[in-house]
Amino acid sequence: MAKTKKFLYVNRKAPYGTIYALESLEVVLIGAAFEQDVALAFVDDGVFQLAKGQNTDGIGVKNFSPTFRALGDYDVQKLFVERESLEERGLSEADLIEVVYEDEDDDWAEKSAIHVVGRAEIADIMADADVVLSF
Amino acid sequence: MSTLHTVNKSPFATQALLSCLNHAKAGDAVLMIEDGVYGGLSGTGMSEIVTEFGKAVTLYILAPDAAARGIGTNRLIDGVEGVDYTGFVELVAKHDRTQSWL
Amino acid sequence: MKIGVLISEGPYTHQAADSAYKFVSAALAAGHEVPRVFFYHDGVNVATRLSLPPQDERHIQQNWTALAKEHEVDLVVCVAAAQRRGLLDEGEANRNGKDANNIAEGFRISGLGQLIEMGIQTDRLVTFGD
Amino acid sequence: MAKTKKFLYVNRKAPYGTIYALESLEVVLIGAAFEQDVALAFVDDGVFQLAKGQNTDGIGVKNFSPTFRALGDYDVQKLFVERESLEERGLSEADLIEVVYEDEDDDWAEKSAIHVVGRAEIADIMADADVVLSF
Amino acid sequence: MKIGVLISEGPYTHQAADSAYKFVSAALAAGHEVPRVFFYHDGVNVATRLSLPPQDERHIQQNWTALAKEHEVDLVVCVAAAQRRGLLDEGEANRNGKDANNIAEGFRISGLGQLIEMGIQTDRLVTFGD
Amino acid sequence: MSTLHTVNKSPFATQALLSCLNHAKAGDAVLMIEDGVYGGLSGTGMSEIVTEFGKAVTLYILAPDAAARGIGTNRLIDGVEGVDYTGFVELVAKHDRTQSWL
């Protein structure tokens, strides 16, 4: 079997105006079954995908933000959110939904999968990936 | 005679809102819809410029699109008014033409 | 008041067809007339009857077909844009030697003149696109 | 018959990367037969549509810029190009293709249909239209 | 070297499918392998056999079908994205009670796992989109 | 280890090029394709910032896309190198990964 590769999903677009955010999430969910190293980066308007309190009743489009919360169950533990992108949009970590996973190496303690990091660290994460999928 | 301008793009992603505001005339209305609603957020890198233009034109936001994106009315720039689809229709009827900034 | 609507993007990918549907529904409910909706660019793809969205999502084509039937809205798909993108009615398919067609009930294929005509004959024209 | 309306086609997108510029031109050509008042505005990246010297041989896409030159024959005489948009892109009128028409009110003299005007004038033209089609 | 390609936009509307075609042709000419091209989002619309572009324009679907046949490239269309947008093969149409299908020769419909697999098995992955 | 970044949007329309340049690392390559080729133009409102970033990364432009848009090589920012599709393939092979800024 091939060695494990580092997959990075880069999300730069806002939800609902276009379908990229939803269809990106569908790839992540399928990809989680392949036992590769998986990380997600939320940059630019991609940070809006994780905004709390989304209610799509008025636009007739399905609200897919709860699906992000399921990522922890799929053992996706690395959702990197760019701090500069949040700040430019007047957001902080408190405005984001919670995504948690149970850490098997730490007695199944519940931990946050969301990591707010600076732009330089996002650049490092990008430069460390084997496969970058952009949405 | 006045125009209803609609903007459906995030001002952090494209130049559509800025171009719209640069061409709107005093007395016009600008309605932010779809991903355009982010232009109504206060406390962002765009808020100051949007506020400044808002002195000449009336700024609206499509409330169902804002709610979909988790934007509460308390997060809006002062003076940005929320409307529903019925309000959108009223704005179209009230102004002499509609121009979409795609 | 007569309001014409232009839809320039395809279903699901962009919100345009959803926003337009909500807008037209509200306009009709308010007593306005929406004599025609014109589908151009990727908007022609709204008219396919082969779409199979997930059960828990809206069916954009069926919504339009139902709305048009109830309120007698003329749903016009641009022929040139449709041919490029593979959206055909039976006549187009037969004339061009294609073995299938995919247009849904309630939509008709016609020329760009119908868009200009809509601009002339309505009081307002509203565009939903990308 | 209804009175003549002022149709304004607003072009804000670059050519070839997307089809909007080409399909906008197709509307203009059809619309020219309806004997309405027709004007085109080229704003933002739309000014690139009129750039001289386009050669699409290498990308396998049809070069439609010669079709603009035919607009004069369709009696389309008003192509307004925004000066500020040109300047931001390092362009001047000399970088644009020629589009001419024959002025029947001036002994069929050949005149340029391209008018480079300032942003304020573009705004006036927009505010004077009955129908605005955006591409 | 093995290069995988992802196409995320539909034909004619965006240049993505054209750019990818030129890129894949050049990669094959340079002696690289392109084992698979994956069509996602509106990219699935490249696979319709009902497209009728003007005579003086390129035929994007036919170009891909010919290239795939000559070089044994696996053209995979994402099933979920395709169903939303009305791109079906005969089996999908039959299973879902649709009276027509529209997929072209040389393309096959499969799951997103094929995209992940492509990422694992190739040395490079290049995305063409909007 | 280095990355080939591709940008296919006009820098006058979207933030894609700027975001790419903000994340590219020294030694990376940035290839402007499709409408992205406008980012290689000299004498524009974007030229200065692109030139500045070009000190750390290598800037390329897909020549067939530039020609399609009427951009002669004499209009390019100094140091921006034109490549054809074969050169594009070579850049993909040379760098360890490709990242598209859509």
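Structure notes:
We call the chains A, B, C, D, E and F, going by the order they appear; numbering starts again at 1 in every chain.
Keep this in mind: contacts are C-beta pairs under 8 Å (C-beta built on N, C-alpha and C of every residue); 3 or more make two chains touch, one makes a residue touch a chain.
Note that the coordinates shown come from a computational prediction; the quantities given were computed from them, not determined experimentally.
Listing every chain that touches chain C and chain F alike gives A, B, D, E.
Residues touching across the chain C and chain E pair largely coincide in numbering: over half of the numbers involved belong to both copies. Look at the CA centroids: the one farthest from the centroid of chain D belongs to A.
Comparing the chain pairs A-F and D-F, the larger number of C-beta pairs in contact belongs to D-F.
Farthest from chain B in terms of Cα centroid separation is E. If you average the Cα atoms of chain C and of chain D, the two centres end up 27 Å apart. One inter-chain figure worth recording: chain B and chain F are separated by 33 Å, centre to centre, where each centre is the mean of the chain's CA atoms. Centroids built from CA atoms put chain F at 26 Å from chain E. Here the CA centre of chain B is 38 Å from the CA centre of chain E. For chain A, the set of residues that touch two or more other chains comprises 16-19, 44, 59, 61, 131-132, 134.
Multi-chain contact residues of chain F (touching two or more other chains): 8, 12-13, 15, 34-35, 64-65, 84, 97-98, 100, 102.
Contact of a single residue of chain C with at least two other chains is seen at positions 12-13, 15, 19, 22, 41, 57, 80, 125, 127, 129-130.
Here, these are the chain pairs in contact: A-B, A-C, A-E, A-F, B-C, B-D, B-F, C-D, C-E, D-E, D-F, E-F.
The touching residues of chain A, counted against chain B in their complex, run 13-18, 44-45, 48, 51-59, 61, 63, 65, 88-90, 95. Remark: chain C residues 10-13, 41-42, 45, 48-54, 57, 61, 80, 83-88, 92-93, 96, 98, 100-102 touch chain E in the complex. Listed in rising order, the residues of chain E touching chain D in the complex are 12-15, 18-19, 21-22, 56-58, 130. By the touch rule above, chain E contacts chain A in their complex via residues 6, 40-41, 80-81, 111-113, 115-117, 119-121, 125, 127, 129.
By the touch criterion stated above, chain D contacts chain B in their complex at residues 10, 12, 43-44, 119, 122-123, 126-127, 129-132, 134-135.
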